[in-house]
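Take this structure first; my questions come after.
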Amino acid sequence: MTQKRVGIVGANGYSGRELCGLLARHSYANLVVLASRQYAGKTVAEVLPRLAKVSRVENLSFVTPSISALLDSGVEIAFLALPHGLAAEFALPLLEAGIKVIDLSADFRLKNVDTYQKFYGKEHPAPHLLSEAVYGLPEFEWNRERLRSARLVACPGCYPTSILLPLIPLFLNGVLQPTDLCIASASGISGAGRRPEVSLLFGECDESFRAYGIPQHRHVPEIEEQLSYAVHRDVSVSFVPHLIPAYRGIHTTIFGVPQENVDAIQVRQIWEKTYSKSPFVRINDVLPDIKNVSMTNFCDLATCSDLRNGKLLIFSAIDNLVKGAAGQAIQCFNLMNGFIETEGLLS
Amino acid sequence: MTQKRVGIVGANGYSGRELCGLLARHSYANLVVLASRQYAGKTVAEVLPRLAKVSRVENLSFVTPSISALLDSGVEIAFLALPHGLAAEFALPLLEAGIKVIDLSADFRLKNVDTYQKFYGKEHPAPHLLSEAVYGLPEFEWNRERLRSARLVACPGCYPTSILLPLIPLFLNGVLQPTDLCIASASGISGAGRRPEVSLLFGECDESFRAYGIPQHRHVPEIEEQLSYAVHRDVSVSFVPHLIPAYRGIHTTIFGVPQENVDAIQVRQIWEKTYSKSPFVRINDVLPDIKNVSMTNFCDLATCSDLRNGKLLIFSAIDNLVKGAAGQAIQCFNLMNGFIETEGLLS
Amino acid sequence: MTQKRVGIVGANGYSGRELCGLLARHSYANLVVLASRQYAGKTVAEVLPRLAKVSRVENLSFVTPSISALLDSGVEIAFLALPHGLAAEFALPLLEAGIKVIDLSADFRLKNVDTYQKFYGKEHPAPHLLSEAVYGLPEFEWNRERLRSARLVACPGCYPTSILLPLIPLFLNGVLQPTDLCIASASGISGAGRRPEVSLLFGECDESFRAYGIPQHRHVPEIEEQLSYAVHRDVSVSFVPHLIPAYRGIHTTIFGVPQENVDAIQVRQIWEKTYSKSPFVRINDVLPDIKNVSMTNFCDLATCSDLRNGKLLIFSAIDNLVKGAAGQAIQCFNLMNGFIETEGLLS
Amino acid sequence: MTQKRVGIVGANGYSGRELCGLLARHSYANLVVLASRQYAGKTVAEVLPRLAKVSRVENLSFVTPSISALLDSGVEIAFLALPHGLAAEFALPLLEAGIKVIDLSADFRLKNVDTYQKFYGKEHPAPHLLSEAVYGLPEFEWNRERLRSARLVACPGCYPTSILLPLIPLFLNGVLQPTDLCIASASGISGAGRRPEVSLLFGECDESFRAYGIPQHRHVPEIEEQLSYAVHRDVSVSFVPHLIPAYRGIHTTIFGVPQENVDAIQVRQIWEKTYSKSPFVRINDVLPDIKNVSMTNFCDLATCSDLRNGKLLIFSAIDNLVKGAAGQAIQCFNLMNGFIETEGLLS
């Protein structure tokens, strides 16, 4: 198995740093370029002291992000950990130069450019690429197959990952009604990004718990678009995200309405069948806890009937920075290159 | 205004300790007896170093809980911070001896003894007292009036407090459908009690978030019973509690279905009218955060329409140990004695 | 007792907010003006949702800081919670206008202008005021007496408060050698201020512990100057501050060398005698914990001999925002006005 | 390279669980037996949900600890994560049966049985093994060489590891005086063990910081014994441990007295030379932070002169559960078996 020459553009956010740590230890990723305006000229060990001595790349220096720097590096696959809008600006020339792109931003997640404009406040910078972009949730066969030959991957958002993994199999198997979905998610503070804002200071987040971004968080259209593919009709969800005083993790609680005579046992069986060969989805007896998935690429699932209310309660937990971002991107990278799906993700 | 001689039975749990701290500074509470098997013989300052020098009672010694010790102390009103079952055993002889009882346990919250037996696994120890017990949620007129002359107060559970305060006015004003309520609450770890259990260790709770107690947490029948009084029919709620890696606080997110043409503005107006004279309910523009209510007796409320889904999103935050336990008990104490409702609770 | 008209300049930092919360509930403080460039035009309740409904001043609006705005308000005493340098610029005209000043910045803590210039990187803006400024550590008689008639108070730094309270009595009583002092302090993150910096984000501070600011943190000259007054010779200390993943609190551990035949019992006796009438210093059997002093104006002290090493181990804990800042400022305010020293600080 | 058959005795504490997670992914460790009284009959996945699907051993069942169960398993090397006293009871028969032992308890760390009895309150259960036990700090040549052929390894305590790694090279090179060492360490709560005690509850440790175990924590004699070997005379240290509100990590701050004309640059050079081939010791420009070493086997070091006080300030950080326990045990295991020293520890 030969190594691939890879690069990361935008490595100063939490997702970019996580990518850097994971790729630096990946057996078949040869990290040849790291681009970050803020860190240009500094080495990995200086910027990410965690990686000193652990990584083959500790002495690699960051460069200023530019297409020419990326081309000069001989990179074959570029991971983009950039703000939305900027990601698409990089993706276009990279693809034209024959470099594959795995994008962790929101730029290629939505097929609908109007929705993009509405939620991200700008015209989509590269609408013609949307049809080509493959949604990077490899647990579903239609994505997995396309990923093997993808040039451009749109990695899912963290909340969508935690919601789609439990729901899509239930829709595909017709056991859950595609209406009246109430979703309460809670994310560690890293989900809000590594921006110098007062609201993200330790002093504001410690011993705190609050909802935010309602009633239409930016991840809602992504969730609904993906669910609608599974159920072949429009799906609308009521989604409330919250912030937890913890660094990592997303926990999702879903109140759904099961089809008649459907109980938790059947739901569990459907998940077990769907995910029998998925290395990263675990169906649990105990309720998912972000503690059990932190620093892993796993998604833990559990369910329980609330018969008195005719509800099905569904729970999931992921690490927002791994399965919700960098880890899932590497899972896609593995599939694109014919590597074992778990390479670099189980240690 | 003359002081009342008060006592606390069971002061080694988090609610009992909180009560101790609040009563020790209350202008009209003369704390004459503190009973705790575990701490018998020790002084307040030894057991609760936070209260040394701050409290008039720092040198008061704990006694072994017994009816005779309480009678000997000349106590007029006893706060019971005991496990369920045990609380009722103390309440009965105290009431017979003419001592008023403010009970923080679950023993007198439910009117239905069968429900009690089902959820608490034992026969109710004093069913004849249930009709007399006044539910200690003073924000509602029917409780407030009865509290003024109550002999026995059943302080509400912490989750119910956070749920009933936003919902009851909406039911009374007919703006929310009494069906299809999905409630996701999250509590600080103190809500699980001060028991030496591995699952409550710092190492198990730190950087953790998980649901528990589903599908029928013990607080569900209390919530449903109180809601049914407001709407004059049975109400059933789908309730999922979670644990937050923080010490104090409960945050509740409710997905409800508004009656036709009802929006968030009307909901807010109803709350403002209902609570115009309530010193501890605040209606906010910003979403409630447990950080803003910790160590206070406030309940913060906010709401938002999710029009696409025909939902009304409702948010509340309280301190589970204050408004959800000790503070609310003192609010009842104030009303029972004709003190200002906020006495001892605003500083 | 008549109320004093007070104001706060600079209320968007953690100390300023704490001051606002404490003064709003102080029986004899009439908060007539709140100045903050950032919050000008907003009300207290908007900026500090914790204070809504609890405070007589919830509807008071912030104004842009200016001397004229302060004069117009009729303020009699101004609390300055401003960055160093700026505080002195406000202090001068206020004093000239007959307004007393309680300054929480570093501007008037050091008597030596050269040291100020060295540590704060600018010429002292008002050196002629230094001799008049009274050091606001009221536990010592020489400060307490001068505070009663002070026009300008320099509130001590948070680390110095935690260090001077245990050490000064030992120096005054000649039981500790004024050499070879090794001090390891640890502060909650709020001590680093409420600035939008990446290093203060939740994601950077959570599950973290690190030293910083060595070998000469800005508080070192203040500590040494004050210690030298007690021992009538120059004192030098080796001081290492650390950051704790908690919001509030300073814990200090001091390794000192006792004079011959001095043990922990004598040290404790000296503290008990020195602080017999000090309402906020507590001498403990158990080791101080920031948890026991958080949100209080107390300083907890304990000591232990390390006979094998000829060391005396000294421990203290305070809340950096209360006894280390806003609470101590109010303690000074109480003394300046003949109020009970604990007014507004024990509830 | 052939795999070794390994077992863990005592897997319900934090160190045992960490060992389990690390060994389950070690390329040359074949985990054949897991013994835990508490978990007997349960599988790894049930007890440690983090390890489900990640580990080759997820379906391995725990057995009741007994010599016969260990012998039956065909184990070649046993890791003991047992309380002191009990560990020695297991070590003896295992060694007699030809099974090598890597002990994480304190039982074989001290050469002096009287010190053991004084600090651990019982007679040493197997004093004749003490001379054979190799101290498992492989960074020093005298240990490393003996480890290659060791039958019995005494893994160092967590605090000693964080203290000996910076100090021993300085003593060996004669740049630090072997007197007057003041050491302030701070440990995450996991260091206190996974025992159901009220003092270790989340509610008691969150937002807390306190010293404990003074003046003679059990790790003091181990520290002093090891230091004395380096300097060929008795060494005594003044040591104060503290608890940090975080799960993992130890941070150590040492105030030492350098020999004349020794500065931080020389200290750094000595460390760099000593540790040039040590894969797990990193010498930093920035001050060590437990965040940078958590979940790794690294020890980060830094130093700074405090010239005014004639002190050398020394800082280290490790993960108490990895380099301070399970990781270091595996590092020893690798050396004993001729595996690459970093095997299983860099991912």
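For reference, chains read A, B, C and D in written order, and residue numbers begin at 1 within each chain.
Going forward, a residue touches a chain if its C-beta (ideal position, glycine included) is under 8 Å from a C-beta of that chain, and two chains touch if they have at least 3 such contacts.
Quick caveat: nothing in here was measured; it's all calculated off a predicted structure.
A.B. asks: Per the definition at the top, count C-beta pairs in contact and tell me whether A-B or B-C has more.
C.D. replies: A-B is joined by more C-beta pairs in contact.
A.B. asks: Please report how many Å separate the Cα centroid of subunit A from that of subunit B, as a whole number.
C.D. replies: Averaging C-alpha atoms per chain gives centres 40 Å apart.
A.B. asks: From the mean C-alpha coordinate of subunit A to that of subunit C, what's the distance rounded to whole Å?
C.D. replies: Going by mean C-alpha positions, subunit A sits 46 Å from subunit C.
A.B. asks: Between subunit B and subunit C, tell me the centre distance in angstrom, where each centre is the average of that chain's C-alpha atoms.
C.D. replies: Computed from C-alpha means, the inter-chain centre distance equals 36 Å.
A.B. asks: For subunit C, give me the residues that contact two or more of the other chains.
C.D. replies: Touching at least two other chains: 204, 206-207, 245-247, 289, 291.
A.B. asks: Name the shape of the chain contact graph, picking from line, ring, star, complete and other.
C.D. replies: Chain contacts: complete, every pair touches.
A.B. asks: Which bits of subunit B are touching subunit A when the two form their complex?
C.D. replies: 180, 182, 184, 186, 204, 206-212, 214-216, 236-238, 240, 242, 244-249, 251, 253, 255, 287-291, 294, 304-309, 311, 313, 315, 317
A.B. asks: Mind pulling up the subunit C residues that touch subunit B in the complex?
C.D. replies: Contacts found on subunit C: 25, 46, 49-50, 52-54, 206-207, 279-280, 282, 284, 286, 289, 291-293, 295-296, 298, 300, 346-347.
A.B. asks: Enumerate the contact residues on subunit C facing subunit A in the complex.
C.D. replies: 14, 189-190, 194, 196-198, 200-207, 245-247
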